[in-house]
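Structures are listed in the sections that come next.
Two complexes follow with subunit A in common, the first pairing it with subunit B and the second with subunit C.
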Partner chain A sequence: MAERLRADLVLEYPFTRTTGPVIGAFLTGLREGIILGIRRPDGTVLCPPTEYDPESSVPLTDLVEVGPGGELMSWTWVDPPRAQSPWDQPHGLGLILLDGADTPMVHGLLVESPEGLSVGMRVTARWRPEREGHIADLEGFVPEGADQ
Partner chain B sequence: MRDIAVVSVAQHQEKALTHTTEVELMVPIINEARGAVGLTQDDIGFTCSGSSDFLAGQAFSFVHTLDAVGAVPPISESHVEMDGAWALYEAWVKLQIGGVDTALVYSYGKSSPGSLRDVLSTQLDPYYLGPLWPDAFSLAALQARIMLESGAVSEQRLAEIAVRSLNGATNNPLAVRSSAEATAESVLAEVPLADPLRPSDCAASADGGVAVVLAAGDRARELCERPAWIRGIDHRIDPHQPGVRDLTRAPSAQMAAARAGASADRLDAAELAAPFTTQEHILEIELGLRNGTAINANGGALAGHTMMAAGLMRIADAARQIHDERADRVLGHAASGLYLQQNLVCVMEGE
Partner chain C sequence: MSADPSIPPAALSGEVSLPEQLADVEPVRSVRTPIRLEYDFIPGSASSGYLNAFADRKILGQRSPVDGAVFVPPRGVDPRHGAATPDYVELPDTGHVGGFCVTRLPIPGRDDLEIPYVSAWIHLDGADIGFLGLVAGIDTSEVRMGMRVRAVWKPDDELGRTAENILYWEPTGEPDIPVTAAGTNAWHAKQAAAGEQG
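Right, the complex of A and B next:
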């Protein structure tokens, strides 16, 4: 029988991108252990921040620190964890409205079971010890008081 | 504006096309759509397709599929990395510009080789969302809980939408999920797939393809007994980040419907490409659908959702009801992106 030919295919995006003045500042903030939002002309704060207002498109530049505590606006339970995600245990996924922000961000919820989750509960950021300026520098969010 | 109509449609869909390539899938579908109106590729003025390299796992994968069209001698051709409904929009614009009187539009998707709910993470922004690989069902569940907690919808209503699809699909040979016996009670008894969404809230993933022939003016009348005239077509988009949107709404769907003139007269039927019951509920409201409009009568996208083709299939389903004289005025809808971020509405009428 003829030898079966085989070739591995690695899908990749072999480019580097600059993250710009707003996303770059947010990611640098994560490396330093702080979370940044950005103020819109009406005074409300977007987090995570964008370079432009999602409604009027005006450029946004006024970065402000938010969190690390906040309120859970919505949640679901992810079991099994998704293969490529930063999490290797069953976990929650949530929309978290950080203190000082007016828009929620999506991130992981680090609890043992979905019974520990409810809309309106207080959560706070848990940081990874080694950080590199990446959204997963935030390990996720835990119930307030859990890490004390 | 030129009068442009859908004059022919053909489609195929099943749970998994394991041993069929995209070319093998599309050859009979394209032949059927062209052949039904007596056309060969030589008679087609413009060809446009929609598909995704992220499903095929290969850059420029659509070029292979041109083998199913026949691209020798050279043809005028284009492609969108979007649902085929947007390819239809491009073809409609091309016909409006003039110089050609016919167009072939097709799209296809085979998501069965991978895990679609995870592959869809690649459509998310690459800084805040994408690196977390939140899967499509989990993200939809976040929206569902907000809708339920705010009272925008009830679990009972979601179950009724699921049952409408399950029951309607029993007469549809292209549906991959159907049940004559399903009731709201049986759906509510399902174990959640992504809490609070149940399996019947999430569209049944399918592989498939669809082809549509468009023609302008008298050419359409020559080719088709009762063309489905496109009276309005429009597509709009909302911001990407979930946090900046009211997740109980889809303003871009409402705007597209208004610009397509959806509410100008009674609609006999609406075919909606919502991948979740929650989003079908939002669309009913945003599109202003009222009693008397049959919604997804054959199960719609919930009964079989072919990524990249679900929207063009809905337009085809709607157009066929005009061709068969089952309806006089219909709406076909397509959606793209997270939480119905982008919406296309196509309103068609018979003469």
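Right, the complex of A and C next:
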């Protein structure tokens, strides 16, 4: 019988997407080191911001600063991260309710072990020193006070 | 009144209000979102037979047990009837262009393709569907449906178990197949002829 054949097959799409003013503003904020949410007609704030109100579909335009601190609502532990993960060390993934926001965002939790995480704990953003307008400009979240 | 589809929705064209810190900075307008999927490709028996035959400069198809249609590359099944196709058919390396596309823009990651290039459905003599190949050895403006072509193979000492053995397809100079009998029309023409005889 002939030897079994195998080959590497890589599918790669180098997409560049236009952002529109809302997502563009969110990414601009990240580049400048601030996190933006967007205010709904009822005064609550969505973070990350969306272009439309999820209930009434009216366009949303009022971007406001939130964070950089917040509360950890829920988390899980990732060990080991996959090859294409933005993080190369074991880390948490959490739902973070930023100060001033009414919806939580998902991001990495940069601590040594899951013992460092608990629901309700205070966390704050850790920024990359060089930023380009991308979600990865935000390196992740660390326990409040950890970077001081 | 229907909305003009060329005008973006209000939130995508309208002004947004920003915190003061962002009032005078250059806004981000685009973001890179590359997608990459890495596969470990292991062919099944039909594809393995096809690929192994390439090392001997042979092109294999498979014949449908239902109506005799010949598929290339073989997939082990006639997808129209769900019938297994265990019988291989050796096909010649000649055929015609069933349809083609001239590409004038470079593709990221394919620096080996010099633009403009022609990709085409090659319908081999004896096959009833086309498979993809490059057409070269002719000015792109001269390529046409029904044009007769033959495979240009890599040198024998470079042959592998891969369809990449065929570098491209070049014109044979024979008279064209009429468009009404070229490409997917060929199968329909053949069925119609068989119907008249029956």
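One rule holds for everything that comes next: the second predicted complex is superposed on the first by the 136 of 148 C-alpha atoms of A that agree within 3 Å, B and C clash if a C-alpha of one lies under 4 Å from a C-alpha of the other, contacts with A are read in each partner's own complex, and residues count from 1 in each chain.
Keep in mind that, in the parts below, contacts are C-beta pairs under 8 Å (C-beta built on N, C-alpha and C of every residue); 3 or more make two chains touch, one makes a residue touch a chain.
This structure is a prediction, so every number in the text was calculated from the model and none was measured.
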Touched partner set for A:P54, first subunit B, second subunit C, both or neither: first
First (subunit B), second (subunit C), both or neither touched by A:G108: first
Which of subunit B and subunit C A:Q84 touches, first, second, both or neither: both
Partner chain in contact with A:L11 - subunit B first, subunit C second, else both or neither: both
First (subunit B), second (subunit C), both or neither touched by A:M73: first
Which superposed partner A:L27 touches (first subunit B, second subunit C, both, neither): both
Subunit B and subunit C footprints on subunit A, overlapping residues: 9, 11, 17, 19, 23, 27, 84, 134
Complex contact set, residues of subunit A against subunit B: 9, 11, 17, 19, 23, 26-27, 46-48, 50, 54-55, 73-78, 82-86, 93-95, 103-108, 114, 119, 134-136
Residue ranges of subunit C touching subunit A (in the complex, touch as defined): 8-12, 14-19, 21-22, 25-43, 48, 51-52, 108-109, 161-162
Contacting residues of subunit A [partner subunit C, same complex]: 2, 4-25, 27-29, 31-32, 34, 36, 51-52, 59-65, 84, 133-134
Interfacial residue positions of subunit B with respect to subunit A in the complex: 57, 118, 121, 126-129, 131-135, 138-139, 141-143, 145-146, 149, 194-197, 239, 241-244
